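After this come two complexes, each holding subunit A, first together with subunit B and then together with subunit C.
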Partner chain A sequence: MNWLDTIVQGVLLGGLYALFAAGLSLVFGIMRLVNLAHGDLIVLAAFVILALVTTLGVSPFVGALMAAPLMFAAGWALQYFLLNRTLGKDILPPLLVTFGLSIVIQNGLLEGFSADSRRVSAGSLESASIALGPVNAGIMPLMTFLSAVAVIVCLNQLIYRTAVGRAFRATSDDPVTAGLMGIRPQRIFALATGLAMVVVTIAALYLGTRANFEPTSGPARLIYAFEAIIIGGLGSLWGTLAGGVILGIAQTVGAAINPEWQILTGHLAFLLVLLFKPRGLFPRAVD
Partner chain B sequence: MFTRRDFLKTTAATGAFAVTSGLSMPAIAQNAPVKLGYVSPQTGPLAAFGEADKFVIDSFLATTEAMGLNYEVVVKDSQSNPNRAAEVAKELIVTDEVNLVLVASTPETTNPVATTCEAEEMPCISTVAPWQPWFIGQQGNPGDPSSWKPFDYAYHFFWGLEDVIAVFTNMWAQIETNKQVAGLFPNDGDGNAWGDKTVGFPPVLEKMGYALTDPGRHQNMTDDFSAQINAFKSGQCEIVTGVVIPPDFTTFWNQAKQQGFAPKIASIGKALLFPQTVEALGDAGHNLSSEIWWTPSHPFKSSLTGESSAEIAGKFTKATNRPWTQPIGFAHALFELAVDVMRRAADPTDGGAVAEAIAATRLDTLVGPIAWDGKDLPPFAAKNVAKTPLVGGQWRLKDGGGYDLVITDNKTAPAIPVGGKMEPIA
Partner chain C sequence: MALIETKGLTAFYRDFQALFGVDIAVDAGETIAIIGANGAGKTTLMRSISGVLANEPGAILHNNEPIGALPAPDVLARGIAMVPEGRKLFPSLTVEENLLVGGYGRKAQGQWTLESLYALFPVLKERRQSPATALSGGQQQMVAIGRALMSNPSVLLCDEISLGLAPAVVRTIYAAFPRIRASGASIVIVEQDIGQALKVSDRIYCMMEGRITLSGHSSELGHEEIHKAYFGAERHELA
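Showing the complex of A and B:
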């Protein structure tokens, strides 16, 4: 077994999982909303990028840049007009609504794009790699990881350094008091979901260039996102990155021992964290 | 959940119906349409297999109407879900009271439907799943060959693992390699059968002088193949084979290129069946090879319409504006068989008589001659399985973009013309 290579590939894979999870983590951290349609929204964004790339003939990166504002608007509207109505003391309505949304998105995509397995082509970048000492790291996985780090740095800057971020944190802590101070929680929530959709678009770019996707491939991505968040600790974005990396390394090490254990060891790592640190490794939220 | 009460209700209802309908049978039998039930995955991950169904059924109904035959087809969607497939099969039998059930595409669809039909004594013709997962997968104890029993109502036509092994090794023999083979088998029905130490690839490859590097079964929807790639690199493999789902193959192939693993041949089942999935690979799909069950160049004609393979594929492209796919031929052949069987059956409404007629079939279909005569089959499967020819081919990039599937080896079925020689992956 080539340990160094196994670890490096695991870390790079962790970047992908962290990207899947970052949007979910943001939404959960601010409004305690578990978005079960998150995986399907990633696939939806991938189809939006695909549509832009095929109709306009632009590169996938430009496509993602164009898709980001669209997805932001969609996320804003989704939160403002639909999900805000479900938020309240009861945690069940948002779960049910996002579950339904997941089915609606899947079938909508099936109608619009058929069941074909699709892919966004990144040209020669796909197979390119650079040598990092004794190991070869693919350019795309490397970019995925760096993007994950960049997304988390940016979100942290936004949340802890800006007025909007202060409003996010205030609303997260106590929406009623934040409301008394002149913040409108409904708008803050909509803004947060819009931002989460921008992160989703970035995740979709790397998902779409990495492997094929179909209208129904969303839910399979959701579980890794959840696990990354739980491992890292609810509400902590850096924790989410750490969670993704731990999940990725657990998978590649498991696979190196026996490919049958690849997915299993990821889940086992998650269970171990739940067992010994039920609130995750770097929990921030108090509830 | 089928409870005791449901059982009593349905048996009582069908019993009463059987008695009354039996009395009036001669009067309505003249005009009653022959009812065919058809189950296939039209939505979900396997939907690409069911893509041609609407076209095939529409043209079937148009043909039978023109021929003055009275047929009705009840179509059910399995939603790519085995439980759902069993449920709709029961609906077809109990609610729709069909005379014959047809089912296609992957063991996940064919097996639950065939098992339900066998239990309900409903004749069933199934296809598009290698016969081992179909036959052995339905047995009570797949691990014990002595306990395997043939079926009375379920019949299947397709090729088997022995054919795909022969096709792949024939293709590999055309190119000079070091005979080191990399095996990529997932932990699912197909992967376990292909990688099986007694009926799968390993024993045959060993006999033919190939060395197999098989790191073990991976789960479908895996995001990282670095462990397998490392194993293949240290095994110096020049040939890759396996039966993986399309997203996993894309992930594997990209990672292999990034890691500098460049085999000369890649013969993969399942992932490379459809032109859409090969196109999703971009230029990296050039010269990948796959098993071929049906193409427009197969020299067979429909027994229903007399049209050639090329004509039917052309019609499909014209009607749907989509490239032809391999399941078209088999879906069409299913309906050819249905008409042929019903024509010969002593009483189309009697399950036993229809099953008898299926067993006696000798028909030249769009996918080749079909007869349940046990040819090239082990004795235990001889009654219920009929084999269709299998060849191998490579996907070649066309000048204007898109891919052509070129038949590169026909040693297993010389009647099917080759379109070129094997080329190593550049």
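Showing the complex of A and C:
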């Protein structure tokens, strides 16, 4: 086994998991909403990209660019008209409603696209690679990782450097007092979910071009996203990237030892972090 | 015509009635104080005017238009800002960010900007990058007042701004009020300290058990009269 190569592949895989997790982390951070349909929304976005690519003949990247505003609008409406009604002191209603949404999306996709396993073709990019010193890295995994870093940089800039970001944090702290500042929490929540769906579209681009997916692929993606967030610590987007990377490395190392162990070692790494650092590796100071 | 008026305002928390037909009026440029013991309904009155609590539309008027049922952002958009009881600063935001967020919903031209607020409360400029909740109580109160002023309101509602603060700190904060008045804003302060309330205001309203028990010009009301309205007649005899 080439250790260096295994670790680099793990880090790059971690970028994919961080992309799965970033949208979930954003929504949870702002409105304490755990969206159990997050994985299914990623798969839905992958099918939207697939549909655009097959009907219009555009490249997957153009397809994702076209899908992003559609997903933003869908996320905005989903939050404004449905999920906002479930938010309150009780955490159960949003869990039940998003669990139901997960089932609705899976069955809707089964009706529309059948149970077949699909893939979005990225052409020659799929097999292209570049030498990073002694290690060969695939172009697609590398782009995935760089996209994850770019998404997290952009989200952090938005959250910590703009008026909308201040409104996000103020609403997260205290929605009633935020209202006194002229902030409308319902719209802030809708905007956050819309943004999360743009991140979901980026995640879906790489999900769809790197591996097969089918209508029922969502829940497994949700588990990886959760694990990345918990390992990194709630409320920290860089922590989420670190969590994704740890998960990715654990999986590739496990797979290098025995291909059957890939999933198992990822979950074991998650359990170890929970055991020794229950709040994650980089928890937010104020909570 | 009054700038803000309440007409027979009632308010409930579920089955509990907190206000029983409150009538107050605030004119442009005027400072009024609302005094009363704990549980008299002062904070409920502030929460009603600011839109945190919804009421009958016609129970609260602004420029003779009904605003009783408007949510807080719409009330703020009309130029009515509130310094809430307990300050309610945003812990995830720095001092400066707390001030900036105060101007989020209403970007009105006026004298209040970051610079003029730092001139009003110089200590806040030194602490501008600190988390708001790392400040002392008095400094936090300055942030809360500054945050409300950032929208350049025509009416500033201040709920219990001296609560839990040392007398010297309270004096420092009230020392800023003449300059806030000079901006032309009407000010409504809720205060438990009768002396402080009389000093800072043109008129006062005294509340007891959800009703106005006394109102008048601050300079003309006798101590005896206020005491009776504040505590009620029976308790006054015991005192």
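Worth a mention:
Assume the second predicted complex is superposed on the first by the 284 of 287 C-alpha atoms of A that agree within 3 Å, B and C clash if a C-alpha of one lies under 4 Å from a C-alpha of the other, contacts with A are read in each partner's own complex, and residues count from 1 in each chain.
The rule is simple: a contact is a pair of C-beta atoms (placed from the backbone, for glycine too) under 8 Å apart; a residue touches a chain by one contact, two chains touch by 3 or more.
Treat the numbers as computed from the prediction; the structure is a model and nothing was measured.
Partners subunit B and subunit C fit side by side in the overlay (superposition on subunit A). Contact with subunit C, but none with subunit B, is seen for A:Ile183 once the two complexes are overlaid on the shared chain.
When the two complexes are overlaid on their common chain A, residue A:Gly248 makes contact with subunit B while staying clear of subunit C.
Of the two partner chains, neither subunit B nor subunit C is touched by A:His38. Set side by side, subunit B and subunit C differ in how many residues of subunit A they touch, and the one touching more is B. Of the two partner chains, subunit B is the only one touched by A:Arg118; subunit C is not. Of the two partner chains placed around the shared chain by superposition, subunit B is the only one that A:Glu214 touches, whereas subunit C remains out of contact.
Once chain A of one complex is fitted onto chain A of the other, the partner contacts of A:Ala163 are limited to subunit C, with no touch recorded for subunit B. Put simply, subunit B and subunit C get as close as 37 Å, counting only Cα atoms, in the superposed view. Taken together, the two structures place no residue of subunit A in contact with subunit B in one case and with subunit C in the other.
The touching residues of subunit A, counted against subunit B in their complex, run 1-2, 5-6, 9-10, 13, 16-17, 107, 110, 114-119, 121, 123, 126-129, 136-141, 210-214, 216-217, 220, 224, 248, 251-252, 255-256, 258-260, 262-264.
Residues of subunit B touching subunit A in their complex: 43-45, 47-48, 51, 187, 215-219, 221-228, 230, 246-248, 250-251, 254-255, 257-260, 274, 276-277, 280-282, 284.
Of all residues in subunit A, those touching subunit C in their complex are 163, 166-167, 169-170, 172-174, 176-184, 286. Against subunit A, in their complex, subunit C makes its touches with residues 50-52, 71-73, 76-77, 81-82, 84, 88, 90-93, 97, 100-102, 104-106, 131, 147-148, 151.
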